[in-house]
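Note that the chains take the letters A, B, C and D in the order they are written out, and that residue 1 is the start of every chain.
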Amino acid sequence: MSSNGHRPYTSDEMMVVAAARRIVNGTVCFVGIGLPSTAANLALRTHAPECVLIYESGTIGTKPSRLPLSIGDGELAETARAVVSVPEIFGYWLQGGRIDVGFLGAAQIDRFGNLNSTVIGDYDHPKVRLPGGGGAPEIAGQAKEVYVLARQTPRSFVEQLDFRTSVGQGDGPGSRERLGFPGAGVTVVITDLGVLEPDPETRELTLTQIFPGVDSAAAVAATGWPLQVARDLVAVDQPTADELAALRALETAK
Amino acid sequence: MSSNGHRPYTSDEMMVVAAARRIVNGTVCFVGIGLPSTAANLALRTHAPECVLIYESGTIGTKPSRLPLSIGDGELAETARAVVSVPEIFGYWLQGGRIDVGFLGAAQIDRFGNLNSTVIGDYDHPKVRLPGGGGAPEIAGQAKEVYVLARQTPRSFVEQLDFRTSVGQGDGPGSRERLGFPGAGVTVVITDLGVLEPDPETRELTLTQIFPGVDSAAAVAATGWPLQVARDLVAVDQPTADELAALRALETAK
Amino acid sequence: MAEIVTLAEAVSEFVRDGQTVALEGFTHLIPHAAGHEVIRQGRRDLTLVRMTPDVIYDQMIGMGCARKLIFSWGGNPGVGSLHRFRDAVEHDWPAPLEIEEHSHAGMAAAYVAGASNLPFGTLRAYGGSDLAPHTRVASITCPFTGEELAAVPAIRPDVGIVHAQQADEQGNVQLWGIIGVQKEVLLASHRSIVTVEEIVPELELRPGGVIIPGWAIGAVSVAAGGAHPSYAHSYYERDNAFYVAWDEISRDRDTFTEWMQRHVLDVGATA
Amino acid sequence: MAEIVTLAEAVSEFVRDGQTVALEGFTHLIPHAAGHEVIRQGRRDLTLVRMTPDVIYDQMIGMGCARKLIFSWGGNPGVGSLHRFRDAVEHDWPAPLEIEEHSHAGMAAAYVAGASNLPFGTLRAYGGSDLAPHTRVASITCPFTGEELAAVPAIRPDVGIVHAQQADEQGNVQLWGIIGVQKEVLLASHRSIVTVEEIVPELELRPGGVIIPGWAIGAVSVAAGGAHPSYAHSYYERDNAFYVAWDEISRDRDTFTEWMQRHVLDVGATA
C-alpha cells in the first residue's frame, strides 16, 4: 500500500491491476489485444520482469515499449526474442503445451466460464455478427490456465450463451476431461467489480474477491445468473501508487 | 563436338556428362551426393545456368563452387538462395509437388526401375546392411520424373530385388497410378554403358542409347535380366572438350 | 520464374470471377493495393479466404466482389466491428455472403496442409464449441493411440496474393518482421501474386527474413506503399488513425460507396 | 529457464539407462561432444533416435549404449558404410540392435507431430515399398476426399540433444546455417540439452538464424568444437578427412575399441 490511503482510479484500472497481480514471475502468457495485453505488460514492468509475452501473430518474448493497438504491431516483432510463423505459434507453442496462462475476453460469458465471441442471436440470422473465435477456442482448450477479463453486466454475464465459441468449464465437473482438453480452462474471471473463480465442486463461477467500494450485491445485480458469493469473500487492495504510475506510464507511452 | 575427335575419358565421366545433358535449363532438381550431384552441378555450369539445385538438407537454389562431400556441407548453405528446415523441404517442396527431376542411385535396380538401397539378403538377417532409404522413397514417389545413375553390372541390375526401397515403375503398367503417385517415376537410367528408358507399353527398362566404344551385347551381359534393346538404338556423342573441362574443373575444385 | 508485371496486368491475368482467392498477411504486409486492383477490375462471386478479414476485405465485400468468405476472425483490429462485413452477413448488402468460419489454429493447419499437398490438416480443436456444426471439420482417429482429433480440409486457393518488402529481377521475394502465413498461402495456391515495396538488384538475407524463390511464384508487381494502412516492417508504420477513421467511413453505405469511388475506383493501380 | 551447467552435469542429470534419446543435427551441428559424454557415463539400453545415424551413432552403438535405433539413413556420408552399425545389425556385436526404420520424410513428419503435441503425422509415403511391413506406419483415410495416406507415430524422446553456435546467459539459443530438425526435436522431447560453441552476452539474430527461448530448453552446456568432426557454420568446417579415416578406424573391433578408449573414454568432458 502507498502512503496515500485515498487515490482516484477507474474501475478498468482496478481490473487491469488485479489481473496483473495474478501473473507470477516467469509465467508464459498468450495474450490478446486490449485489457489482457495491458495487464500482462503491467506485470512485466512491475513484479514479473521475467514473464514471457506471446502474441498469436508469432512474436515470442516481446517487451513492447508502448501498448500495441493490434496484435501484429511492428513494435512486437522488433522487441521479440523470436518471431515465428502463425502455423508454428499455434502448432508448436500453443498446441505444443508450452503456454501457462492464456488471456481471453468475450462478449458473453456463462456461469461455467464458457465464452461467446462469435454472434448475438442466431448464427445463420445474427442480430449482431461479432468478429469470431480467432485464437480463442484453442487458447481456451490448451493453455494450462485461462484468465478472462470482462466488464461485469447482465448483458455480458448471461444465463445462456447465444453461441459457445470457447470452452471454459464446459457443462461443469468432468466436462473438460471428456473433451480431452489438457488445460484447466478458465480458472479466474476478473471484472470491473471483483474476481470470480470456479467452485471446486460445482465448477460454477463464484464471486471470491471484491474490489474497494463495491459490495457483493452490486456484483450479483450485474450478473445474469444467480451469482454465488464465497463465504470468505476477500477484499482486494486498491491499486498502489506504483501500480497506477506504471499503468498510466504504459498507457500514455507513444 | 570438339575439334579433337579422339580424347581419353572415363566411363564415369561419360555417364555424368550424359546425365547432365538431359537436364533442361530451369529444371528444379532434387539431388543427392555423388554422381547425381556432379551431373547436376555440371549442367548448372554448362548449358543449364538457371536450373535449381535442391538438397534434402534444406538448401534451395544452391550453387556450390566445389562438389560437396555430404549433402549438408556448409558450402551448400552459403551459396543457397534459401535454407529451410528438413520438415519443410520434404513437406512443402518435395511433397508439395515442386520438384521436376529427382536424382537417385541404388545398390540394386530391377527391370521396372524399382530400387534397393536398404539391405542385401533378408531384412531381419541381412548379408549386407545398406544405409537405407533416406529421402529416396518420397523422391521416387513425388518428383515429376526420376533419373537414376548407376554403374551397370549383373550384381546391381538384378532380376529380383532383395528389398524394394523405392518404387520406379512398380510392377509395370498402371502400378504407380494404383499407388497414387503423382510423378512419372524413373524415366531414365544412365549407366556407364548407355541409357535405359521404360518401354512405353511394358514400362520395362530398355536400352535406348549406347555410349561410344560400347556395344549392346556388353550392356546385355552386364544386366541380370534379359535386357531388351531398342530397334533404333542411339549412339551417344562422346563428351565434348568443353564438357570434360567443366567436369574436371568441378572435380578438382577445392 | 515469376514474371514481373504491373499489378493491373497480374490481377487481370490471374484473377477470374468465381475463383477462390486468398489475400494474406497476418496483421502485417496486408495486400491493400492488390485488393483495390481486384475491386477496380470488378471481379465478382469470389470466395475470399483470409484468417483475419479486416479493412481490405470489408472494402471488397462492401464493393460486391465476394460470394463467400472463409475466415477465422473478422474485425477492425483494436477498433471494433467491420460494418460492411456485418451489413453483408446481417442484411445481405450489397449481396448475401456465405461464410465458412474456422479458428486461427484451424485455418493455419488448413494452409499448411495445402502447401504440403495433403488433403487435410490435423489438430486439437473445435471440441465442445458450437462452431463445429457450422463449419467444415471432421473427426479423425489416431491409428496408434485411438485418440480423436479434428481434421480440417486443406485450403488450395486458385490465387494467393501477399505483399512483401523486396524482390529481385528474377522475382525472388523476401519478407521480414511478422511473417504470418505468407509462405504457406503462396505454396498452397495454384497461382500466386506478390506485390512488393521495391525491386532491388540483389536480395540480401535479413535477420528474420523469409525468401521465396521466384520459380515458386506466379507474378511479382511493384506496389510501393501497397500495404497501407497496414504496415511494411522497415518501410512504414501502421496507420492506426486510418483504422479508427474507417469505423466512421464504413458505418454508412453511402459514405462508404463515395469513399471507395474517390479513393479506389477513381485511382489508378500505380497510385 | 534453461540451467547452464557442464555437459557432464547435464548428461548425468537428464540421461538415464533405458530412455529414448535423440541426438539430432542434419549433416551439420552434430552433437559429438554430447554423444561422447553419454558414452563416458556408460549409459545402456538406450533407444537412440536420429534421422541420419553417422559417426557419432556408430561410436555409441559400438560402445554398447543402444538397445534400439530409430532412423532413416545410416551411413558415413560421402564415404560408405557404418561398420559398427553393420556389425551390430549383422552380427549382434557388441549387442543385438533392434531397428525401427523410416524414410526421411516419415521421420521429419514424426518429429513435427511430436513438437505439435499430436499423436501422429500424415504424409504421402511408404506406398509400394517393402519398408511398410517392417516399420511403424499405418494407413489413414482423409475424411473429406477419401484418399488413403500414411500415418507415422509422433516421436517424443525422453531427452533431445542438439548442438548450436550460441547461447546467452539466460540459456536462449541461436543456431544458423543448415537448421535441420533441431527445433522440432527440442520441442518434441520431454527434456532437452543444447551444447553450444560459446555463451555470448547478447544474442543478436543472424540472417537465417533460429532462436529457441531458454525457457523451452532444459539445460545448456558449453562445448567448444562440440560438433567435430561435423561442423559449426561460421565457427569451423567439416573435417572430411576424419570421416574418411573413420572408415579404417571402425572397420576392426579392436582398432575401434582402442581408438574410443584413447580419444573418448580417457578424455574429460571439457576436452
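Please note the rule applied: a contact is a pair of C-beta atoms (placed from the backbone, for glycine too) under 8 Å apart; a residue touches a chain by one contact, two chains touch by 3 or more.
Please read all numbers here as calculations on a predicted model, not as lab measurements.
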Task: Chain pair with more C-beta contacts, B-D versus B-C - done: B-D
Task: Mean-CA-position distance for chain D and chain A (Å) - done: 40
Open item on the list: Using Cα averages as centroids, what's the distance between chain B and chain D in whole Å?
Closed with: 29
Task: Euclidean distance of C-alpha centroids - chain A vs chain B, Å - done: 58
Task: Contacts with two or more other chains, residues of chain C listed in rising order - done: 112, 116-118, 123-124, 147, 183-184, 208
Open item on the list: Counting only residues that touch at least two other chains, what does the list for chain B look like?
Closed with: 91, 95
Task: Listing of all chain pairs that touch each other, if any do - done: A-C, A-D, B-C, B-D, C-D
- [ ] Flag every residue of chain C that touches chain D in the complex, lowest number first.
- [x] 116-120, 122-124, 136, 138-140, 142-145, 147, 149, 151, 153, 204-209
Open item on the list: Which residues of chain A touch chain C once you look at their complex with the stated criterion?
Closed with: 33-34, 56-59, 68-74, 76-77, 83-87, 90-91, 94-95, 118, 123, 126-138, 141-142, 163-167, 170, 175-176, 179-181
TODO: Show which residues of chain C lie in contact with chain B when the two form their complex.
DONE: 1, 112, 115-118, 172, 183-184, 187, 211-213, 215-216
Open item on the list: If we count contacts the way the header does, which residues on chain A are in touch with chain D in the complex?
Closed with: 26, 28, 50, 52, 60-61, 81-82, 91-92, 95-98
Task: chain B partner contacts - residues on chain D that touch it in the complex - done: 26-28, 51-52, 71-75, 77-78, 81-82, 85-86, 89-90, 101, 103-105, 108-109, 111-112, 123-131, 134, 147-148, 177-181, 183-184, 208, 231, 233, 237-238, 240, 243
